[in-house]
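Next, two complexes with chain A in common: one pairs it with chain B, the other with chain C.
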Partner chain A sequence: MRTLQLEFYKIRRRKVGLTMAAFLAAQFLWGLWAFHDPTPSEQAQGFLSLLYSIPILDAVMVPPVMAMLASRLADIEHKGCMYKQLETLRKPGSLYHAKAVCGLLIIAVTFAAQYALFILLGYAIGYQGSPDITYYLLSYGLKLASNSALFLMQLALSMLFANQMIPLVTGLCGSLLGLLLMFVKMYSFLPWGGNLNSALVMMDWDARTRQATYYYREYSPVELAAVGMIFVWFVLFYAAGRVLFTRREN
Partner chain B sequence: MHSSLIRTIKAEGLKLKRSPVWLTFLILPLISAFFGTGNYLGNQGILQNEWFSLWSQHSLFLCFFFMPALIGTVCSYLWRLEHLRTNWNAFLTAPVPLLCLYLGKLFQAVKVVILGNIWIFILYFLCGKLCRLETDFPPQAPEWFLCGILGGIVICCLQLALSMVIRSFAVPIGIGLVGGIGGMLIVNKGAGLFYPYSLYSVGMRANNPQMTIDLKLFAVSCVCYAVLFCGLSVIGLRRHEQ
Partner chain C sequence: MKTQNLIETKNLTKQYGGVRCVDSLHMQVPQGAIYGFLGPNGAGKSTTLKMILGLARPTDGSITLFGTSVNTRNRIRLLSMTGSLIESPSYYGHLTGEENLHILQTLKGCPEADIDKVLKIVRLEEARRKKVNHYSLGMKQRLGLASALLGFPKLLILDEPTNGLDPSGIQEMRELICSLPSEYGITVVVSSHLLGEIDQMADHVGIIRKGQMVFQDTLEALHAHARQQIALRTGRPTDTLSLLRRNGLEAAKEDDYLLMPMIDDERTAALCRQICEQNIPLYRIEKREKSLEDIFLSLTGKETSL
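Our next item is the complex of A and B:
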């Protein structure tokens, strides 16, 4: 607990909150631009469509954001050459754990704020009805799991490499992969496809009438396996990162 | 001035030695080309304009989403060393004019952009040949290439300014990514020539079915933005010195 408190203390002037707020602001502005003038059909399906749009937006935007967050948490020690000293005061495993928990708490708050912002946006532009709380909570849980797995992968890279270019470029490549995987299938076993797996709503596009119809997704066994893979990645990245960091000579 | 500039360019080159900068410009265009070609082959019913359709698939995501962030990565890397420990003191006390110090970094960033662009066009050519396109390679491609480099220089100047001011390695890259995505919206509104992050994609004719732009306005916009950001960076360096 003390180590976790210290992690928050260390980042108090590193503007991590501002970085996450900028990410949310960018998404919110995009939402305003994309949804500001809905047709009656879009208004009727509005809250349903958000469960499709948000994961797709996240598939592109979140990987570099997770890379940035992990880099902000880990780079402070690289810059000050602090790892050697820190590991004389506490076990490397607990240091890694504290950084992971610190990042995961920030992610949990960020995505809660993201859903709150988009729901507010939905009400503001006149979406009919109200969001289905069960599906929104489930979507939030899956999103949290998939993006936490991404964060843990990025944290492992950021802690292991002093050169932060490597984790950040991995984040950028992940973003491009997330975008391109979307064109292949709406699920993926890769860590960057987690946001696609967590989309609980699918869309049918009628090119003739130029209208989109949204419906709740019925997961096939393969898609369910892809969802399960998110949790495998989560455990794998945490364990691998912790073991590699603990064994590393600083 | 001339010999100082050459010395700073060499010094910045030394700082980049053995860094994995080149790797980023190798991998991302490769992923984009692979999926872009796959998408082109899968949608040939709609994409019937051969080389131009293939280019639309290659360039769209790379130019808007990733190139500004990639350039941001290089620029952040170029300033990272100065932000470590007391290296600013060593940097600013170097016996060369401040402008040369800045231009040394700009030269290296632009060099990477040029090499990256050459790689993008090599991939485009190879993918076109692999797809067995029947028409000739577009003669306008060198123009897209040069305009892309001009737009890339503007992003280099902007990202160098940001990375100089912001001590974090990651934040300027995030700004580059958001700036690039914002560029897509601005290009859709028809104002791409006035927004620095979209100049690269406008120059490369990404998401531009007509494949034409107002070249004069584009060049003026690029030169104005480049001079503005260079000027601001040098002023920032002078203030840093004081």
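Our next item is the complex of A and C:
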């Protein structure tokens, strides 16, 4: 617990909060631009459509944000050669765990704020009804798991490589891959496809009437396996990162 | 009473690929000592200290700290009685000196008042609220020492602590290190590739060469080594050598001279008499004082840099 508290103390003046706020602001501004003038049909399906739009937006935007967050947390140790000091005071595994939990808490708060912002936006632009809390919570849980897995992968890279270009480039490539995967299928077994797997709502686009109809997704067995894969990645990245970090020498 | 060794290594070995950086090293650091760990660049000093601190895993051998054999389970507990500064100071550049110390103080679980004490010792009180990124190298080095001193550990391991310091900084650091055993009861291990530096600080010396300990004793013993030679130049060196051997004296040929260990005046006179009795022309008999540099070079190899 003390080690975790110190992780938050260490990231003072690192503008981690600002980074996450900038990410939310960018998404919110996009939301304002995209949804500001809804048709009656869009108003009726508004809260449902958010469960489709947000994961798609996340698939593109979140990988580099996770890379940035992991890098902000880890590079402070590389810059001042702190590991060789810290590892005489704490076990490397415990240091790794504290950093992972610190990042995961930041992610949890950020995504909670993201949903709160979009729900407020929905009310502000006149969406009808109210958000289905069960589905929103489920979507939040899946989003948290898939992006946490991405974060843990990025954290492992950021903690193992002093040169932060390696994890940052991985994050950028992940963003492009997330975009590409959307054009293939709405599910993927790759870690960057987690956001697509966690979209609980699908859309039918009628090109003739130019109208979208949203409906709750019915997961096929393959899609369910892809959702399960999110949790496999989560455990795998945490364990691999921790083991590699513990085994390396200063 | 036998002095306890705070550090004891047996057959400590570290191999990277096919290269043995540290080779069957036996190191003994007595309590209360300032142990100078001396060796040329790349001799294995930092690797040895890293293994002692658990930052590198030994390929073979054992390490005993405070009389207890170190393993993965007790490593952190044993190291909690240790402070260290390895290679370069560790710090968070975006935090102030005081905030850096606060982090380590919390991790070490020592009183908060220690922060003020160590800042005073290293004379960084005025810069305590300055970001470490704005510190000079000397200030960072002092902050590194302050971090190591937090909790006033029983053992302090300093790897080349004067690296990058200007002459006054070196002097200041040296004085500080020398005061630690007497003022705070701290045993210090300080590594360096500079003999003069160790000569001015340490009371015990370990000299490492290509990963092997080639000398380990008190500084006095090293100095004693420096005084014990007599050089002889005679007209028949081979006969003189046989004569010396008959007298139980091992001598070595160096240029035109025969070098033998120091003996007392009466024995020297008797030896001169014997040489003259055998009609061997005795040209010169000199007392040779080998400097510490000479000893260091002879132990570590002349090809290595100081």
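Rule of thumb we're sticking to: the second predicted complex is superposed on the first by the 250 of 250 C-alpha atoms of A that agree within 3 Å, B and C clash if a C-alpha of one lies under 4 Å from a C-alpha of the other, contacts with A are read in each partner's own complex, and residues count from 1 in each chain.
One rule holds for everything that comes next: a contact is a pair of C-beta atoms (placed from the backbone, for glycine too) under 8 Å apart; a residue touches a chain by one contact, two chains touch by 3 or more.
Quick caveat, the model's predicted, so the values are computed rather than measured.
On the superposed chain A, the positions of chain B and chain C stay apart, so the two partners fit side by side. Once chain A of one complex is fitted onto chain A of the other, the partner contacts of A:79 extend to both chain B and chain C.
Shared-chain residue A:169: touches chain B; no touch with chain C. When the two complexes are overlaid on their common chain A, residue A:65 makes contact with chain B while staying clear of chain C.
Contact with chain B, but none with chain C, is seen for A:19 once the two complexes are overlaid on the shared chain. By the touch criterion defined above, A:120 reaches neither chain B nor chain C. Look at A:179: by the touch rule set out above, it reaches chain B but stays clear of chain C.
Of the two partners chain B and chain C, it is B that touches the larger number of chain A residues. Looking at the shared chain after the overlay, A:235 reaches neither chain B nor chain C. Superposing both complexes on chain A places the Cα centres of chain B and chain C at an angle of 80° as seen from the Cα centre of chain A, in steps of 10. In this overlay, which is a superposition and not a single complex, chain B and chain C have their closest Cα atoms 7 Å apart. Residue overlap on chain A between its contacts with chain B in one complex and with chain C in the other: 14, 79. Of all the residues in chain B, the ones that touch chain A in their complex are 19-21, 23-24, 27-28, 31-32, 35, 39, 61-62, 65-66, 69-70, 73, 76-77, 80, 83-84, 168-171, 173-174, 177-178, 181-182, 185.
Residues of chain A touching chain C in their complex: 2-3, 5-6, 9-10, 12-14, 76, 79-82, 84-91, 249-250. Interface residues of chain A, counted against chain B in their complex, comprise 14-15, 19, 22-23, 26, 30, 33, 60-61, 64-65, 67-68, 71-72, 75, 79, 163-166, 168-169, 172-173, 175-177, 179-180, 183. Of all residues in chain C, only 50, 53-57, 76, 79-80, 82, 84, 86-95, 99, 102-104, 106-108, 132, 147 touch chain A in the complex they form.
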